[in-house]
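Okay, so here's the structure we're looking at.
For clarity, chains are labelled A, B, C and D in written order, and residue numbers in each chain start from 1.
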Amino acid sequence: MRPHRPDPRSDSAARPATALANAYAAVRAQSEALAAPLSPEDCALQSMPDASPVKWHLAHTTWFFETFVLAEREGFVPFDPAFRVLFNSYYVGVGERHPRPERGLLSRPDLATVRAYRARVDAAMRVLLATGLDSKTAARIELGLNHEQQHQELILTDLKHLFSRNPAEPVYRAGWPLAPVRPRRADWVGHAGGLEAFGHQGDGFAFDNELPRHRVFLEPFALASRPVTHGEFAAFVDDGGYRRPELWLSAGWDVVATRGWTAPLYWERDGAAWTTFTLHGRAAIDAHTPMCHLSFFEADAYARWAGARLPTEFEWELAARDAPIEGNLLESGALHPMPLDGDTPPGVPAQLYGDVWEWTRSDYGPYPGYAPAEGAIGEYNGKFMAGQYVLRGGSCATPRSHLRETYRNFFPPDARWQFSGVRLARN
Amino acid sequence: MRPHRPDPRSDSAARPATALANAYAAVRAQSEALAAPLSPEDCALQSMPDASPVKWHLAHTTWFFETFVLAEREGFVPFDPAFRVLFNSYYVGVGERHPRPERGLLSRPDLATVRAYRARVDAAMRVLLATGLDSKTAARIELGLNHEQQHQELILTDLKHLFSRNPAEPVYRAGWPLAPVRPRRADWVGHAGGLEAFGHQGDGFAFDNELPRHRVFLEPFALASRPVTHGEFAAFVDDGGYRRPELWLSAGWDVVATRGWTAPLYWERDGAAWTTFTLHGRAAIDAHTPMCHLSFFEADAYARWAGARLPTEFEWELAARDAPIEGNLLESGALHPMPLDGDTPPGVPAQLYGDVWEWTRSDYGPYPGYAPAEGAIGEYNGKFMAGQYVLRGGSCATPRSHLRETYRNFFPPDARWQFSGVRLARN
Amino acid sequence: MRPHRPDPRSDSAARPATALANAYAAVRAQSEALAAPLSPEDCALQSMPDASPVKWHLAHTTWFFETFVLAEREGFVPFDPAFRVLFNSYYVGVGERHPRPERGLLSRPDLATVRAYRARVDAAMRVLLATGLDSKTAARIELGLNHEQQHQELILTDLKHLFSRNPAEPVYRAGWPLAPVRPRRADWVGHAGGLEAFGHQGDGFAFDNELPRHRVFLEPFALASRPVTHGEFAAFVDDGGYRRPELWLSAGWDVVATRGWTAPLYWERDGAAWTTFTLHGRAAIDAHTPMCHLSFFEADAYARWAGARLPTEFEWELAARDAPIEGNLLESGALHPMPLDGDTPPGVPAQLYGDVWEWTRSDYGPYPGYAPAEGAIGEYNGKFMAGQYVLRGGSCATPRSHLRETYRNFFPPDARWQFSGVRLARN
Amino acid sequence: MRPHRPDPRSDSAARPATALANAYAAVRAQSEALAAPLSPEDCALQSMPDASPVKWHLAHTTWFFETFVLAEREGFVPFDPAFRVLFNSYYVGVGERHPRPERGLLSRPDLATVRAYRARVDAAMRVLLATGLDSKTAARIELGLNHEQQHQELILTDLKHLFSRNPAEPVYRAGWPLAPVRPRRADWVGHAGGLEAFGHQGDGFAFDNELPRHRVFLEPFALASRPVTHGEFAAFVDDGGYRRPELWLSAGWDVVATRGWTAPLYWERDGAAWTTFTLHGRAAIDAHTPMCHLSFFEADAYARWAGARLPTEFEWELAARDAPIEGNLLESGALHPMPLDGDTPPGVPAQLYGDVWEWTRSDYGPYPGYAPAEGAIGEYNGKFMAGQYVLRGGSCATPRSHLRETYRNFFPPDARWQFSGVRLARN
């Protein structure tokens, strides 16, 4: 999930009007709830070019509704005309953009003004949602909500990165809740493969990158019944994983050498043990929880060390077919991967949704016959289809209603500030 | 084709011993013939980290036989023990490597010494080739010859780049030969797709990345009957192609902006016309020749502008099935793409081999079930399987005997100093 | 005046105790007054590595008193032990330092906490100031006050730079006050030179870099009666000043080329005219005001273009001998250079103090016999004596009580975010 | 001594015509003798932007005579018009320049062509020198010879750097000659200071930066009787010199940290001992020889560690007044600093000339009243007068006839590939 996000199908959603209005209210409130415990300074800072200030996320998601829904209606008056440029993430079709690495240079508008901006747009949207909507407008709103949910996850991961750069390592949320995750044993779950169809079908919302549904032939394969854990990854580190080039892709080893990686992001040695930084502060790693904050390169090196490989996105999707969309998601409040807390039936992969996004070996490309939407909204997804890899599943920072078995998240192979992990595969 | 190259199947080749000895003599002589017109200075300089000095190519291809064939035999005495490090390209399993960007800092060994190195290794190889060879050794030698052919292409493209950086723009070969290329009209050639098998089969040599043969399902598609030409690409440039972000992948546009690309590599304005740098010196572009020196990003942007797309590597391979391996290859002596010089039967793609490598939309990844060879030689291909894209076909700098329909060349998406072009595809 | 600042003489100041307590109260209040109109976000952001957040300045000046005065006394309890590292600018002798370019990554402590930190330290200082002070402690406090005054100027110049990076170009202070500056005609004022003494003497406070007083022989010279104005500099720009390498020092031209300088900092074309960014917002340049925000390189190129040269710091000091310390200083409230508003007696240089710091041709080095203070405080000045040039005079952002004729400000030759200008000299 | 070099007084030299012709023949032959043992590859490579290929030095010194002497005469025909750009170092007044960092990209013209260029220009110069010369032409030729001598030193230091980057560490000259250096004890030699005159006087040749002669007042000072030795510097290294920021100027410590300096250039640990790279190959350091290849920053840190300081250039010049210009210079053939080989009279500094250039604390600036020559030749010196420091004396790579007590060499404070060392001073 990139901080910038492309567009979905324009013409699909079929929620009743009231449901849409309710969804709007709920999603918008969720963003504000995430920012509620934060100070104006917390919301204004940017810790690296890949991350954005919380304030920017709050404004940009609002800009999306203003620009792609409200601005197309008669009598529209912008909250502040300068915002059209200031909070445009990457839509060339909309005009100029404020440079991404400079989002942390904007002390004005301040947080209070951004909140006023949200209130003003929300008021206009409520009026609109109370009227009859044409299907194109409804689809745009549906897209805007899914877009905002993507930024909710980024609010958390960008803030976590910012807090990690403060020597005081501030706590976002005190306490450490338990999440209801159905237990399952760790083993290999085999699949027969064959010629199968993949990608979205039906009337529900989907992003355009999940389309069109098409056939792919798969050889037989097996997936691990659960993601790699913190304890398993610590064994890799302790076995010299970050010092052995033969375990790495050549491009991955370049990153290890150039950036001086010697351990996963946020890890610090504490004698023989390891600690990591969480949204609850620094904590000892819990050996039984899914490993998170891995880059594609680290996931791949781990798999090679373990004598396995990454799955393809189609292997994952086939395995997830018919699995319930449940797990340690944003709603659990854990904001960190959790251990399995019980038994699961054998032969069924567990923790497919929630905890961590799972890297696949599939490059993020267009499905056969893929066509982006017309206009600026068509920039949502298609132009990022190079040099990135697909992740599947969803994490402890993803809203439940945001996910599908066909959902394709994607990041560059060196990105590791997301809640990203790995599930092993083999032939 | 990276300046570094991984390993093929270890156990396949089945050439008779005499044929192998003859092939050895011919391939080794070809490398020397390419370097014959050059001065010691021409052979010593390095114009960018991606390129290597000609002298290094001459030495490294020799190192390959010394290290992977001769050094494994009893009584081996190295020509110079320091060469084990100095001319190791990237084989971690062999030990230390001299840093790639510093290959142009080595005035010693001089060219004469490198030639003596070649002579010494050739003499030892001739003795070995005259004896009975076990199949593993024969396969290693076959690999070494294919490896050297890859570096022959790099000798030409790296030298071309070096000469282009000299304000005097030296000429590598005077004159401009005609090449016999069978003519074909430009149109769309349709294919039905379906579930087909791809990858190498049979006894002949192949690299490990062409294996194993496996099935892929393809939707119906059409390929252009010939590659995009210099004249067609000039129209893209003149239409503002390098100034319109909406035509580019996001990562491609970053490259355009960061490096200040405003035209293809080697092009210069000459009033309303364009010139380009060739191995025959600077020349006006010939509108009817296949466009060369494109990066993946430029090929992709052109395709979008033209309302088409890049083919996948499987679409290309299916279209090339049963096509004869002939065209404007190294043997023609043209060292530059040539126009079609006659008619070709309708419904058959022309110029599949030779002229230019053709970018595909396929990321360079492992085929299902791919397994690299054991030992250092296993680093030949597999560790480069991230962040690169596959090219198919072969260019005017590729030896005829080097090619197959299943051959997978690969380069990063911003590389454009190879003889790389593009053939359009559509659904 | 660097954001980091070395130490003065430890043993000089001779203010009565009450005067010192009053000075403490006044200087500390001045810092808070400067920050009063700013939001928490305004105070938290950092726009470049050379600049620091306002919040950091408020905390670091407090840290100085806590570390170098309070912490040396019995029973000292730190406000927050983490601050010892967090707000240490560059004193190796005090221990670890938080990296300068990361000062903008600290959302915590927030502004309210920093204000509480100031209040706590001020309370302790008031108790201390009410007791009898030994001369060393009094000298340390005097140093701390001069240190804080240096940071007051940086609060304004750093904030100005931050605001300039916001497309909305926020206004720090509305309105545009007139400042009382004595008028003088523009002409050359000659000096006979000779063997003269320079550097601080007497009992008043001075930084260690103004010591010891020593003799320098000067040839006869002339100084301009006032600094170069915005109008004069615009003529240089319009005459191609930024496109003519022959006008520049070689190192200066490298900077022009590398950073793409085509005009002074903050200038923008408005048709045939120029605007500049001020603490009062964007405004047309006023041709008669002293030119500000010049680097040493730009000042030097201008002087060459004008057929003159930069003065040495000793020429400036000799010319300023006996001149009253008055002009457009911080207290005027102008926060921008102002025009001369009347006539001045001939043969006397005007505007020596205030408006703009004046670049000299003197590298910032130690006076003969210079010795830094003992301990960490000795890092205040000496370790910066390489690669920087001396500025003299004081600017519209400098407090009146901070200046002396022997005062040596210094910055690297490419720095231009200070209120720095130039006064011409000739032989 | 920068690889680029400014101009001297245009109107001084007063050598008889025959002497000038002889000097021309001798200096030109010296350059060729230095290059004689080198291969074409040795002469073509460039190991860093600061260094140039030997071939370039041979051509550029020839370009100087062609451009500034021959090209101004009637009937001049250039050897190759392209050379006007290709071998122009930095003279903006002459026109375009080939970029300095790309000098190592020129395989053509090859070494043989550059030698032919030298022969052609030498023939024309011989004809000219045999005729009566006007004084301006004679002065230009004198300048050209001094210019070429500067490049002779650079041929050696640039080649040494190139060879050092080759893992085989080639030997430039086998053997290790003894040099006749007059012995002197190590002690402090005091000077009274006072108001003294400095800079060139009389009819002999001098560079413009040595003019005009002017008065400077010096406080009493003492200089060490000999430069710091390898053994003394090793004690600094072993005492943690490269790990203690308190010993360094702030800008120097930045360089140490950024470039990872842990020892002097060319040094490698050999157990408890140190080796260094020389033009005779790698060798154990000789504790009694003057330390070489120090940057200004290292020299300054050493002086601080030793409780001393760097001298000013005027202190050095005053101490060198009346000292004979003799020592371990280029003519000794040692090409490396040598130990003192006997006793010297007390109270006289030894080894002022030869062995190593001695860093001073004086920034490289214009003397009062300095005026560069008219025209392109005026770029020789003046435009480099910022950010560099003066070195005095001459090294084991400097020709004897090149030196004077008023000679000012200069380099940036981080440069350390010259034969540069340090002599301590104190008050």
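Heads up, the rule we're going with is that a contact is a pair of C-beta atoms (placed from the backbone, for glycine too) under 8 Å apart; a residue touches a chain by one contact, two chains touch by 3 or more.
Remember, predicted model here, so these are calculated numbers, not experimental data.
With centres defined by CA atoms alone, the chain at the far end from subunit A is D. Per-chain CA centroids place subunit A at a distance of 38 Å from subunit B.
Subunit B and subunit D have CA centres that are 47 Å apart. One inter-chain figure worth recording: subunit A and subunit D are separated by 60 Å, centre to centre, where each centre is the mean of the chain's CA atoms. Contacts with at least two other chains are made by no residue of subunit C.
Screening every pair of chains for touch gives A-B, A-C, B-D, C-D. Residues of subunit C touching subunit D in their complex: 90, 92-93, 195, 214-219, 245-246, 248-252, 296-297, 300, 361, 363, 365-366, 368-369, 379, 383-387, 413, 427.
Considering their complex, residues 39-45, 47, 55, 82, 85-86, 98, 102, 104-111, 162-163, 165-168, 170 of subunit B touch subunit D.
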